[in-house]
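There are two complexes below, and they share subunit A, which is joined by subunit B in the first and by subunit C in the second.
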Partner chain A sequence: MENPGLFTAIHRPGDKSPSQVDFVVRTPADLVRIQRQEAAEICNVFGMSMAHATMMLRTMRWNREKLIERYIDDAERVLRDAGIADIETDAARPTVLPLRHQLCEICFSNEPNVPMYALACDHAFCVECYNEYLSHKIQDEGLSARIQCPGTRCPNVVDEPSVEMLAHPVDYVKFQRLLLRSFVDENQVMKWCPAPGCEYAVECHTPQSALDSTVPTVKCRCGHEFCFGCGYANHQPCICNLTQLWLRKCMDDSETSTWISVNTKECSRCRSIIEKNGGCNHMTCRKCSYEFCWVCMGPWAEHGRTWYHCNRYGEQSSQAARDSQEKSRSSLKRYLHYYNRYANHEQSARLDHQLYLKTEKRMESMQQKSDLSWIEVQFLRDAVDTLVECRMTLKWTYALAFYLEPGNLTTLFEDNQCDLEMATEQLSGLLERPLERKSIPALRQQILDKTAYVASRRQILLDDTAEGLADGRWRFNMSLIN
Partner chain B sequence: MAATLPKRITKEIERLVKDPVPGIVAQPHEDNLRHFNVQMAGPTQSPFEGGEFRLELFLPEGYPMEPPMVRFLTRIYHPNIDKLGRICLDILKDKWSPALQIRTVLLSIQALLSAPNPDDPLDNGVAQHWKDNEKDAIATATAWTKQYAQPAPQ
Partner chain C sequence: MYTKPSATALKRLMKEYKELTVNAPDGITAGPISEDNFFEWEALIMGPDDTPYEGGVFTATITFPHDYPLNPPEMRFTCPMFHPNVYENGVVCISILHPPGDDPNMYESSSERWSPVQSVEKILLSVVSMIAEPNDESGANIDACKVWRDNREEFNRIVRDNVRKTLEL
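And now, the complex of A and B:
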């Protein structure tokens, strides 16, 4: 089970689509091992101690090539920057000084027989003061890699073996935790998984400079999918910059406005209040049985069978049925168009999580009503997984679309979006169909087919967008933001 | 609860009394030995020459792991000291070392009066003045010294 090292390329040619990036999930143990490997490489090249090699790597943010280059160029400077007083001393075996009759400048004690300690710079302090000093730096200041010698204006750094020897065990444990944290924080190719309580890190070699042409999406071992570029939850296919702009815009606008009501709507025929309680956009009014689309409020009959007209702004058919905010400014209307669809998918995805619970029950009842085994009913859960993924993707396609300039490419994008949206709603509808003994086999096949279809539509949309980004084909209309 | 004073602080006080820093008098309050009244003579050949500046110095609970808190009580025209008397000096912040003492801190402040550093300002207005027209800024500092920092008649 060999994991590739930190700076060896993690490339698996041929097995990924344009919208995917290579990455590796790292456990805390992996991280410790990688640090050791990196330091060992430096030891091999220059023959210094592990502790010193590690200190130098830290100042170069763990860029080994850069360190080797700089060290050959100006070793003295590298050592100074790393806070190493004397490279010849063996940092691996720090020893307490013989009991010197020397004044400790921290406690002012000059009693004889007090054990003292000094780094190679010879600034000696009694062991007890050192202990207190380290505790203050580690616990109160949260420092680890850059704890300096207590001597006045002394640039030397207290190395790890010294800390281990001098600090209280509790402080040393925290010291190590902080070091590990800084290893990932300082590392350009590492990020902690932002999921609460998760202790894994992800290694990915997509540089920050590439974030306008790619959306590096990674999946932690805990299951959380996030963007390696900005740390936000998966926002494919929208690029980081636009994602941040969009989120800020939504926050600003929702604070000042009360017009966004995503949870309830009026039936456009009988005006009774309808609350959305499932992920599907095909709504039926309980009072008057009017069937309509939750997104555009238009009659459902016009949807679905041939073409799903709900993703484009300015289509005529549902215009009349839509809520009557007719005279509002066009930029606001345009924003609302995209926001409502964005918010709608977000809300649906959240409700789809309730669908997971329902699905468990359906899987049980499906088993009872048919000859299907437990394994054979798992397709229902897979379908819900795919459904939630698609809603997340659709959500971000509306954020992206808000910033797209009109043109052929945008039309194509919206066609893809339309296909995906239609198929997703169909899958959602299938999942809410009542289970009848006779129709279960057919329903199962329909859901299997639709799930596969929806997943492939999603992949096509993501890949097309990713290729367009990589080729710089997209044109964004930033002037529309203000 | 009157916490006992660490040995180090007691020793510092002893030494400040026995072997005072030239031009500086630091005296702890009788009711709080962590709180000092400081008198500092303006250094010669500086716009603060002839002035007698009052400061207060406080040793926090974490001293000497944490730096002392020091502030000018007398008004002073200096790019690294603001209207409230707060001092911009690295050893009072991130460059603090527990091997520094009250004595060394006060000497550093005195040195700062001799050599203002407008590139690391606390008061931007004063620093700009210093950079744009040093002569004029020094004249203002001298005038302030005359106006605010005259020694009390004995």
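And now, the complex of A and C:
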């Protein structure tokens, strides 16, 4: 990730910088194993079946300590919440009821010798009706952990061994997949990697309540980096709340704002936004009936009889009108300033793919033009990796900067940002330089140096921002409470 | 999506019909409109005593889905029915008729909603008690809710007018 040369020098292995969080990537097999372990612990403590332990853990969102505490406090209530009718029954070995003459309330049939099944609550239904019922719940409603006994108002939950016995194998496979999904979804320290087609989950112990002071960025084994807090792609150093605000603002505002700034002016009196789509320069505001000149923005009355022609651009009253317009537009301009830089880096990052292809070619031609080996030209790829990372970071620094209150700290932040931006553009420039046989060794050295430099600038910026967040040093120009 | 009527659905509807013809609860009659199609029923409900609906006979259709009893049927009054829990198009809004998965109004716990052990008889009994005791917490007909809440006399008058209309007096 970061330039290895630089980092092994500064950080001992195992050390982490302020901008990093601990996390573990979990495979589906890991997840199954973890569920078993957690359930086994509960079994050991209370001596119940695995299926029952799992059901209780689910209602406590896999919080083992909470379950133990609650169970000791009020076991009956925990069992009721988990939908377990009788803890003494052996849920691991469900059996079909001995044949008896009983009405099934689903098909309303009471033919003798039809195999039936009941949970511990003794609501019996035909095995076939149960099968259809489960299929409907699993396939149509997407339920897994909380499929209730079909009996009227019966709160008991159909346990996993019963589903295995009663449901069609296809439904059972989906049931298991849904269970696994709910395990991660309900677990506060786990999240699925949002990359398309990725099957891994990430475990991270940063609580949701810490999201105003840290940006827990994790990297899945598939290579996708994302924020554990909100699931959005890596947005360091901007915190989740501001990221959401910024994205929403950009979605609503950026196009519209640009268009407004280019195509409209404001009425000098009531500030209504006006688009001039034809006609002369004598404007009459529809809202407040103020009459003004489109060219100089001054009051029309002063234009006397010089219709359709404005020669009063420099007059005091016109200037004052333009100044006040300028002021009201400044917040818009400020937003566009940050947005344009944000969008610029995003655009550049979107061209990643082409840059990688181009670099691939350059690495080949560098090998042909110099006596460097394949291994020795790998530095180009590292440089591109670093470049892309820096652009992503820079992109989000603009979103963060938009919400920062002006002040000394903000000035420092902007200096860091400026440094990183300059160095990043220089690196980008170096990567574009034409390859000439005799300048290659010098260029290689320059790129290596610059890569190491920008990587360290990036880390400094991230660490400084992270420390600032942890200490509550940053002042934002809006409240973070949603 | 059209799904083939399941054998369970047909078998069960026939059972329910038989049961209802043999011993129907007071004030309720229901059965298929035609013996060729067991998935479309007609029901007659007598207005409960001591309510403004008293003396009225209300007609409704019940339409069953092909995966009945896994999913609930839809019930729709085919006569003028001014009631807080009946939409203006006649569709009955009552928790027992809502599919168990979604709760459009966020009021009901899933145990109050549809489950395969409910039946036409239980639905009709619920509708009778709904007629007697409207639930203005999750209204379907907002006008009816408002009148029922603010001006009970006016509400009773509108209902009695409707009753007279259904009886063609």
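Just so it is clear, the second predicted complex is superposed on the first by the 390 of 482 C-alpha atoms of A that agree within 3 Å, B and C clash if a C-alpha of one lies under 4 Å from a C-alpha of the other, contacts with A are read in each partner's own complex, and residues count from 1 in each chain.
As a convention for this text, a residue touches a chain if its C-beta (ideal position, glycine included) is under 8 Å from a C-beta of that chain, and two chains touch if they have at least 3 such contacts.
Nothing here was measured: the structure is a model prediction, and the numbers come from that model.
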Clash or fit (per the criteria above) of subunit B with subunit C on subunit A: clash
Partner chain in contact with A:Pro18 - subunit B first, subunit C second, else both or neither: neither
Touching partner for A:Pro299 - first (subunit B), second (subunit C), both, neither: neither
Which superposed partner A:Ile106 touches (first subunit B, second subunit C, both, neither): both
Touched partner set for A:Pro155, first subunit B, second subunit C, both or neither: second
Touched partner set for A:Pro194, first subunit B, second subunit C, both or neither: neither
Subunit C-contacting residues of subunit A that also contact subunit B: 105-109, 129, 132-133, 136, 140, 148, 150-153
Residues of subunit A touching subunit C in the complex: 105-109, 128-129, 132-133, 136, 140-141, 143, 148, 150-153, 155
Residues on subunit B engaged by subunit A in the complex (per definition of touch): 6-8, 11-12, 62, 64-66, 91, 95, 97-100, 104
Interfacial residue positions of subunit C with respect to subunit A in the complex: 6, 8, 11-12, 15-16, 19, 67, 69-71, 100-101, 110-111, 115-119
Residues of subunit A defined as touching subunit B within the complex: 105-109, 123, 125, 129, 132-133, 136, 140, 148, 150-154
